[in-house]
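Each structure below is given as structure tokens.
Each of the next two complexes has subunit A plus one other chain: subunit B in the first, subunit C in the second.
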Partner chain A sequence: MAQGMATLGRVPGVAFVLVALFAIFAAMSPGFSTAPNLSNILVQSSILLLLALPMTFIIMTEGLDLSIGAVLTLGSVVLASVAVSTGSLTIAFIAAVAIGLAFGLLNGWLIAWIDIPPFVTTLGTLGIAQGLCLVITDGTSIVGMPPSLHFFYSGTVLGIPFPLILAAVAYAVMHGILYHTRFGTYVPALGGNREALRHAGINDRRVLAIVYGIGGLMAGIGALLLTSRISSAHPTAAIGMEFDAIAAVAVGGTQFERGEGWLLGTLLGVVTIGVLRNGLNLLAMPSSIQVICVGLLVIVALFFDGVRKAHDS
Partner chain B sequence: MSQVEAVAPKFKLTLSRDVTDVAYRLLAVAIICVVLSIASDAFLTANNLLNVLRQASLVFFMASGLTLVILTGKIDLSIGATVGLSACVAATVIKSTGSPWLGAGAAIGIGAIVGLGNGLMVTKLRIPSFIATYGMLWVVQGATYYYMSGQSVYGFPAGFRALGSGYLLGIPIPVYLMVAFLIIGYFFTKRTTWGQQIYATGANTVAARLSGIPVNSRLNLVFILSGAMAGLASLIYLARLNSAEGDIGETLTLPTIAAVVIGGTSLFGGVGSLFGTFIGGLILTLILNGMNLVNMNANWQPLVTGVIVLLAVWLDMKTRSKTDG
Partner chain C sequence: MRLPLLVIRNQSRMTDLATIAPVQADSATARGPLLELRGICKTFPGVRALDNVSFPIWAGEIHMLCGENGAGKSSLMKVLCGAYVADEGELYNHGEKIEIKSTLDARQFGIAVIFQEFSLVPYLSVAQNIYLGREFPGKIPGTIDRQKIRSEAQRVLGMIGSDIDIDAPVHTLGVAQQQIVEIAKALSQNARILVMDEPTSALSDTETEHLFGMMRRLKAAGVAIVYISHRMAEVFLLGDRITILRDGKMVATVLPNETTPSDLVQKMVGRKVDAIHRRGDNIKPGAVALDVKGLTGPSGISDINLNVRAGEIVGLCGLVGSGRTEVARAIFGADRITAGEVTFFGKRFSGGPDEATRMGVALIPESRKSQGLALIRSVGDNIVVSSLDKLFPSHIFHPGKAAKVAQAMIKKLRIATPSPRRAVQVLSGGNQQKVVIGKWLAAEAKLFIFDEPTRGIDVGAKAEIFALMYDLVENGAAILMISSELSEIVNVCDRAYVMREGIIAGELSRERLNEENILQLGMHHE
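The block that comes next holds the complex of A and B.
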């Protein structure tokens, strides 16, 4: 019995939240627990997962990336404008990934070598990326995408939606990096014990810069899904999505201090945010209410986290 | 023990740095003015310069509260959103009661409550300030959008509008307010125990706590002041625009942080001044004003502001590592 209680205590809070939200929405909205809607939630969550995975790494290093939503938007704008001007989706995709990676490495360089605090660095690059979006598009949408772009968000392979396959691959790769490579062991050490890393002769700055670089890279890949989803690029399309990504990581149990993180928790966090937004949508709640709910969810998660920390010590 | 000893020399250093910091920044203001007066005939006109001061005063109100927060080594990312909520509530209160005073009370009160929420999350729940105030940003912004539900409120009494666009003896009214707050702020930060405790908290929180400073109360205080000043700024913004919409404060956080860091306040706490923030706001306003005068598209503003923030922090870090060895 005592052992049973202990096991129950180890079940992460996010799982309870997910089950509770699922039950509430299933009871309140008949359209919620249907197969098409559940599949829809997962597909909608795929872009968020691409951002939340590297965000987990970044937060484990005691960092933050506020620019990732703006960089995703910029990737989408670049992808669309290159696709329109060259007609080649391949070149457009490479350009989007390149701009994403460039921004990620810029963040990494400023944070790792110049020692600017991450939230200020990424707030600055958020402004730069957002500004570039506005300057490139002049504040309007870029339309006229090649029809083949449609596949990447709406297409299926062997009956499985393509965004899900991409998200699964991304999760597997990031899981592999974090838990099965030497690089992965450096990531939590960057947050928990950077001194030790330095003493062990590891180039901690380079590791940190690569972590932010991965964030930009994933935002660039996510731009393909985002652009395909709305068949166009808009200068404010994913502005603010960094909030959902950070929320998913926080709800998933990764600590903002001490370098403790949990990638599976982030996956559950992403689905939780997806369920919350989808359920509120079905209940015809405006997006303003959704944002408040996500914000409150984060505060509640951090609150219980604080309580547990106090309990542990 | 060693931590306690480390406070004293750091403190002495900041006092001498204050003077040279301000001198460099005044030089920067002078250079920008010379460049702009060459680039545009419209720059060196009384109208434009007064307009710059008016804009700078708005930035100063938001940035002054933030300066206190940053002096303690924390951050408040919710300022822009707080300005938005305060402005929208004040707008509806003034519209429905006809009393600007009630509106002003509502704006400053809401700002203070948001600030208290931030303070409690940081001091009681021990959430890092950048994440607590970032969460608050979205909660407040969501609340603002919900409250306004896409509507806008406009057309306020002339007496209230004077707060944003009126003149007294040829000088914009918000400029007088700014000077008043600059003087009050100077005495508060440099000449009162509370002010010095704010510096000490940022210079070394552990040492401050050990020497008996009520660190948590001071942290709550600076967050409340930051919110209240955002509420005050919202009134001036509202009076100037003569209308309020849900997205009113969305783009204000980055310029506010820019003003503080250009002004030389260290993001690591304990170093900086309100006067520096005033000059920082002036530099930023001059640059944006210059872009406007040479007909640069307003779309460039967030980009330029972002670059300025990063350059300002970079320069600050470079000079700091030189003087601190």
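The block that comes next holds the complex of A and C.
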């Protein structure tokens, strides 16, 4: 019994919040707990997961990436315009991934070698990426996508939606990297004790730069889903999505200091935000209210963890 | 359990010296020293950290490195491990010149360092920390073999006789356990030269004995150990040779059976001092500054009764883990209490640390780096930080005035810093401790709670810290001092309380204050 209580005590706040939200929406909205809607929640969450996974790494290094939403948007804009001009989706996808990776590595280089604080660096690249989106699109949407693009957001493989497969692969790969590679071992070390890494003869700057590079890379991959979702590219499509990504990481219980982090928590955080947004949509709440609710969610989830931590000590 | 260490060491000293000294000539010695330092120099802006240091390190010896704060021990250690590159000088291995220009070079040559500042990652497990940067590759390319890391870590910890859980994240461990992980990390590198900076400062008696046993086995296997210590007993118990540094220069290398502790101290400080200067007997206690009645808290302390009067230094001792620090924290309002009351200067206290500070109480914590100082800020800023309200009642900061206060304190406490604007983190341990004291002096504190005031501080600076404490009480302050060093409690305190497992086991007046009585009270009786 005492063992059971102790185990319960380790369940993160986000799990309780997720269950509670689920129960509330299931009770209030008949359409919520249907299989198509639940599948829909997961599909809608897939883009956010692609951003939140590398964001977890970044936050574990005691860093932050504010530019990730803008880079995702830029990736989408580049993908669409290259697709329109070349007609090749493959080239377009490669271009989107390349621009994402380039921005990620630029962030990484500025932060790791030039020692500009992550907040300032990524605020700067946020502005650059956002501005480039407007320059490329002239402020309007890019339409006329090849029909095959439709598959990546709405298609299925063996009955499973493609975005879910992509998200699952991304999670598995990132989990493998974090917990089963040398590189992953050095991620919490960057946030927890960079000096220790240096003493161990590790090139800490390179590891840090690659962490940000992965962020940009994942945003580039996410651009495929985003563009497919709306069959076009819009210069403000995912502006502000860094907010949800950071919120998901925080809700998942990753601390912003000393390298403490938990990838599964981020997955739970992403799904929780997905459930919240979907449920509010079904209740016909405007997106302004949704943003408020995501903000509240962060505080409520961390409130539980904070209270319990205070209680434990 | 640290307390009986001195007794044990003194008993075993004779036999050990007989077996290990002098250094035996064998095949290895015929090939010349494992590592020879010749004319090593390292200069930092304004400081000559190492000035023409030359000495050999032989395979199979324990080489003690002694010196005061800022004598250059840490700099030398950093040169050996590749963290610093010497400006001048050369390194020779068996007569052949070698280069150590990075930590990787040092590791490849076989130098492992146990740092005093822990180089551990809080949210990695014990096993992952031990093999940080040296992870075993897994079957799938690019992955690591977590099972092998665990089993190897278990093996290394077994060698030092530790039962720390290899899967525990390091942040859940206490200081002593972290120290063991740090030692295991160095041992796991199969080093030819092991450099240790005060490795026993946080270890229990049993753990220390295990470490010493381990060191003797490594020595027998031909490993050279460079050992930095401020504990005379260790220096004489373990050392085959002793090299003394002062102001970055090499003073001498001596054999332990050709020197005495007082001779060593004299060489370190360059003048004759007593290791610990005993306070005079003319103590005139004044009004009660601290009165604690029935203090009980969730941190494991129960029914603590004690008091400290103005003009008194009262000791609080007991084994590591007996609840001394917890009592200090509860008194200061840093930990929750469930029963009892604390009175400062006759006024009931029930607030938090900020309220205690306003009432003139200063807690000088054990880990000054994490709790007592803003390391990247300047000496001056650290000194005035707790007295801003007093200095600037109008809430407008006046740099000139702050600088004057800081300058006065630097002079008064003889803090060795080229300027008040120098960052605290570059100062030596003893000088950092002085900055903490200066901060509370500037804030006009009247009750000082010192938790291990001399941890990591060398012998000359210790004497200075004690002189400062005597000065404080002679000017009407009251001091509660926690220390694991029995000789310090006995020599410095006017009386002492001895703790055992969260309770006060007894009080010893000055007449009865000796090491045997403290041990009698502090040890568990079945």
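Points to keep in mind about this one:
Just so we're on the same page, the second predicted complex is superposed on the first by the 300 of 313 C-alpha atoms of A that agree within 3 Å, B and C clash if a C-alpha of one lies under 4 Å from a C-alpha of the other, contacts with A are read in each partner's own complex, and residues count from 1 in each chain.
Following the convention adopted for this analysis, a contact is a pair of C-beta atoms (placed from the backbone, for glycine too) under 8 Å apart; a residue touches a chain by one contact, two chains touch by 3 or more.
Here the structure is a predicted model, which is why all the values come from computation and not from measurement.
Once the complexes are laid over each other on subunit A, subunit B and subunit C cannot both fit and instead clash. Look at A:His199: by the touch rule set out above, it reaches subunit C but stays clear of subunit B. Here subunit B and subunit C are compared by how many residues of subunit A each touches, and B touches more. In the superposed model, A:Leu79 makes contact with neither subunit B nor subunit C.
In the superposition on chain A, contact is made by A:Phe256 with subunit B only, not with subunit C. Once the two complexes are laid over each other on the shared chain, residue contacts for A:Ile47 go to neither subunit B nor subunit C.
Applying the stated contact rule after C-alpha superposition, one finds that A:Leu21 touches neither subunit B nor subunit C.
When the two complexes are overlaid on their common chain A, residue A:Pro188 makes contact with subunit C while staying clear of subunit B. Residue contacts after overlaying the shared chain place A:Ala223 against neither subunit B nor subunit C. Shared-chain residue A:Ile142: touches no atom of subunit B or subunit C.
Once the two structures sit on top of each other via chain A, subunit B runs into subunit C at 381-389, and not at any other stretch of 21-29, 93-101, 183-191 or 381-389.
In the superposition on chain A, the residues of subunit A contacted by subunit B and by subunit C do not overlap at all. Within the complex, the subunit A residues that touch subunit C are 60, 176, 180-182, 185, 188-189, 191-193, 195-202, 258-261. Contact residues of subunit B toward subunit A in the complex are 75, 77, 121, 125-128, 130-132, 134-136, 138-139, 141-146, 149, 246, 253-254, 257, 261, 267-268, 297, 299-307, 309-310, 313-314, 317. Against subunit A, in their complex, subunit C makes its touches with residues 81, 83, 102-104, 107, 113, 115, 117-124, 128-129, 132-135, 138, 142-144, 146, 171. Across the interface of their complex, subunit B is touched by residues 64, 66, 110, 114-117, 119-121, 123-128, 130-132, 134-135, 138-139, 240, 243, 246-247, 250, 256-257, 286-292, 294-296, 298-299, 302-303, 306, 309 of subunit A.
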